[in-house]
């Protein structure tokens, strides 16, 4: 909506004056910036990007050598900063993803915050995350929750460092101005080393609810989803496919969603988490959806086509899928490709903003 | 609201005429029967009663010898008939409970109905229940579902008979006129003997949902809740109690509810199922609630105080708790008491008619 | 599942003995009564029936002359007793429908019960129903609620009697043993005669919720749905149809459902209420559904085809539609046919037992 | 988490090198910026601000004189730009608020977008908003909806301009990358001038749902909430208070929420709307909550205390309340103060991030 070509000089001057007055009065006209505000389809500032484990892991170790962990900084966490987001430590406009490193016998002090958090363990063991007083062992393949406003800290009982992935809704909470934070105990009891957390002993039995604690909760009461269950579920889906029965998402592609047993919904109010397994050589259908997601390669290797870009991905690599960017994953021919995935989809489903499109498979 | 004492003979005659005319016109006055229709609190026709396994099991075997199983009668099921319900084959006004017996190499043909059903296995193994084509092994302690309108049949692959408990909402569905029934295949494929059903391979992983099938369902997609999980969950609760952590319902009383992982709610729209374990010598708080429930002793022995009655209960015994009758359970001193329980509570919760009262413990 | 023809006399004797033993032990075999318990489709004992207003109204007046109203009998209510239900005062297996009559300056004392209740006013005015202390005027066409466990009484401030329809879930609550009842104040304050209840002043503004009371409730907080709104909504639907816009249920058939503004669902947990208007000469599609319903003719006249029966219906007549009986309504050619309707559908929807079929229209 | 004071030069160099390498690899350490990312409580960049109607209205008229309305710019809308948000046209981090101006006989062309929108009319009439083909008259005090993905345009049938308030979730949708937009018809049929929209004729009857359209919807089907109903509801609350009955939020403070009759929830998935009326001289309790809100003075005048600031507010003035800033409103002594309010609260309630605190009243 520009002024007509026949605008007189007087009209142009009046318009310039109007725009100056708008500025003075903290006003902005819609008509000069509609396309940016209301695009035809999501046009994220975030860009597709892949971070290499071969780069991340050594840098985490270097940080471990140089930077102490303790009260104030709280965590030795190194955030993936999407190249399109102007240096902000955000993997996408809504999500935070970081590599956290805890050295031998180190402790990360207790705190709590309204942000929802999870950990995914790509390798190692020997650290316990304490969630509201319940020590939760971390082992390769495990997916752990620290829902909003639960106190939590970490301690390493071994002589080896450990590195894992943290996922939170920090940018979403920051931009919507809903963040609260509190320090907890400065000292953790680092003696307990239970194999299973108390939360799992109460809740991680399939389809069984402790009668004393029944009722819906915003977040899952299961503090750790163990790799042995995830692996078994994916294996079962592929075996069912071999036997001619339904279960997989598409041919050769098994997938589970981590869910909240008190509702059947997502594990956290703002974050979805899944695990995908592709048979060797499988190509997924190209899919795009509202909202962003992050994948980490747990084992195997392959290629991804993401918007206009293509990446080769291997062990530990992380890549981000911005909103509405079509994604195709192609597993190498020699091994299964295992992928951990998390996304902000619950936000859009709750607010009726979600859309998803799946195209027929196109291989480049 | 009776007529006043000063009613004249003419008035009395007019009233008698009015009542006759009511009758002719299919009308009934409220004021002559208010107390029966709208009692001060639930006054069930159903009575507390206990059926002995030592009686039931031999009778089931006799039925096995004398009565064939097959199309028409459909099942060799012997219903517990509450003594207060005038001979109707109902354990309570809403629920059906029956002992089903399947002889060596026998088959019970496939059918489906709108009634919701479950099986609980007190002893034996070797029978598979086929639910919509999925064979589900039955073993001691297992709890199996056949939700409304799923085709199902049973086959025994062994040379030994098997006996189990069936629970359904037959009276409720009958009295509300909502019953549908269809025959399925006359012949079952009796060859498969999988250790786990396909439903379990997809759904019985703690907190994990197959992505291809996510979304809420009226009934649980888990066809069998295995004893090993139930036993583990109860054991964990008591160990947590020993360690000073929450989990049990009351001191010495562990309990789990079988739940629908797609909603966190009950396994069936009309039926709740639970498993309770009392430490030796424990007495539960006296509790009464709207709706009826049935218990079966899985192991151990004890006493129950139920309304004005008291029963000694042992292995396999079944007892029914009518609506609003207070129940106390007392475990013998020498062993844990394990109890399977089912009830019609979901009906009352869904319709906002549920009430529950727990009193302090009183031992006789 | 009868014994085979070749059963020997010994076998027959053993079987007879088994059946006697079943009886002694409060057991009933399924195979001898499967068809009654689990019919192929709902086969209600309730029968289609029509009660005439020309009969009901005079009988209510006679009861008014002969029977006092007061504590004990509580209400001068005359129940419609379905001819198929063995004399029970139930219009259907789940619902109670009664004509209540309150003479000049009479009062029906306060009580409350877990049963949900409504009133529908076919004629007259001058009575106030007091719901938890809030006096609610009753006028022709109004639909009033007294949800479960609300105290309520009635008082007539005029010199004329008044007669209306009461609907409750008494049989359902009775058969499921969930009934509670309490007396309230013996004396009502009969002075107030507000045109609108307080509940309406807070809640009966379209789409507006009082901020101080927001949040979902099991029953609607609107104590009276006034005829002027119902009439206007139906008129609007037919005018929209005239103008070529959607709104009616089928050609010439306008209908509204009375709803709970805090949830958008039914007004009461167990009862649905609707109002239907047919243009002159319109025939509805034949429909059958799980659950029972009752209609009252508010104005106009017509014919109904109900199962195998046909009734002519006129002003004030009430007819009951048992479960799964197909119903067609045909309005007379000379006037619109206005019908109030209530049903037990919320029970079946909540418990996932609902089914409905609509056939093409067939006129006899 | 800074390096220790005893860090050697070599360590400092290594750390500097690490931080450079982080930057190269699109990584950011958490420990250097924790406080900004995860504040102790919401610290919005948005600032309390008040825009004057006496300024806004003349500027809208100047824009009307100088800027045509039509395809491309789409709307002559002037956005309130929060002074703390770096020139972005956002009244808060999640919400857009703009003054829209439509000149005599002008038309704003049809489009649709995933953003949810409403209009609130402070003055004038003569414009119709067409929502999916349904013309909705706009009159003083009316609150209109155009839910996400509904086509809509505006036309002025009079010789006078009209100015109103638009509210949308543009920033939220932009920042979460969920925006879709489509053009609709270039030409609107500007002839219809119905007093009520078709949506109101179907849906704006208190507690009545058109049977043909029942079922929950994400947004309210009522396209316009009329001032006469809002005013009546507020008047009723204050009259009930005079009579000693509950209804108001706090003494002298009546309030209604505009709600979705199909769910009882908010009118739009992301936006809440309310209307508040204070008696003369009333001071509200100081309240702060997660999320932002905007108020417009509809009539009367008063003072507000907002965080550390105080504003005098009069007819048409708009002020924004950033997240967690305490607000107190004080009505002048000579007249009722009527306030329209909207907020982003549904986002936080849906995602379990909502908190609210009310303090005792403190007057300055």
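Should a chain be cited, it is by its letter among A, B, C and D, assigned in written order, with residues numbered from 1 in that chain.
In this text, a residue touches a chain if its C-beta (ideal position, glycine included) is under 8 Å from a C-beta of that chain, and two chains touch if they have at least 3 such contacts.
Because the structure is predicted, anything quoted here is derived from the model rather than measured.
The most distant chain from chain D is B, comparing centres defined as mean Cα coordinates. Both chain A and chain B derive from one sequence, and where they touch, over half of the residue numbers involved are common to the two copies.
The angle needed to superpose chain A on chain C by their Cα atoms is 180 degrees, rounded to the nearest 5.
Distance between chain B and chain D, defined via averaged C-alpha coordinates, is recorded as 52 Å.
Centroid to centroid, with C-alpha atoms defining each point, chain C and chain D lie 43 Å apart. For chain B, residues touching at least two other chains: there are none.
Every residue of chain B that touches chain A in the complex is listed here, in rising order: 198, 200-214, 216, 220, 222, 225, 229-230, 232-233, 236-237, 239-240, 245-249, 255-264, 267, 274. Within the complex, the chain B residues that touch chain C are 1-4, 11, 14-15, 18, 21-22, 25-34, 37-44, 46, 49, 51, 55-56, 59, 62-63, 65-70, 72-83, 87-89, 93-94, 96, 98, 113-115, 148, 170, 172-182, 218-219, 269-270, 290-292, 322-324, 344, 346-348, 350-355.
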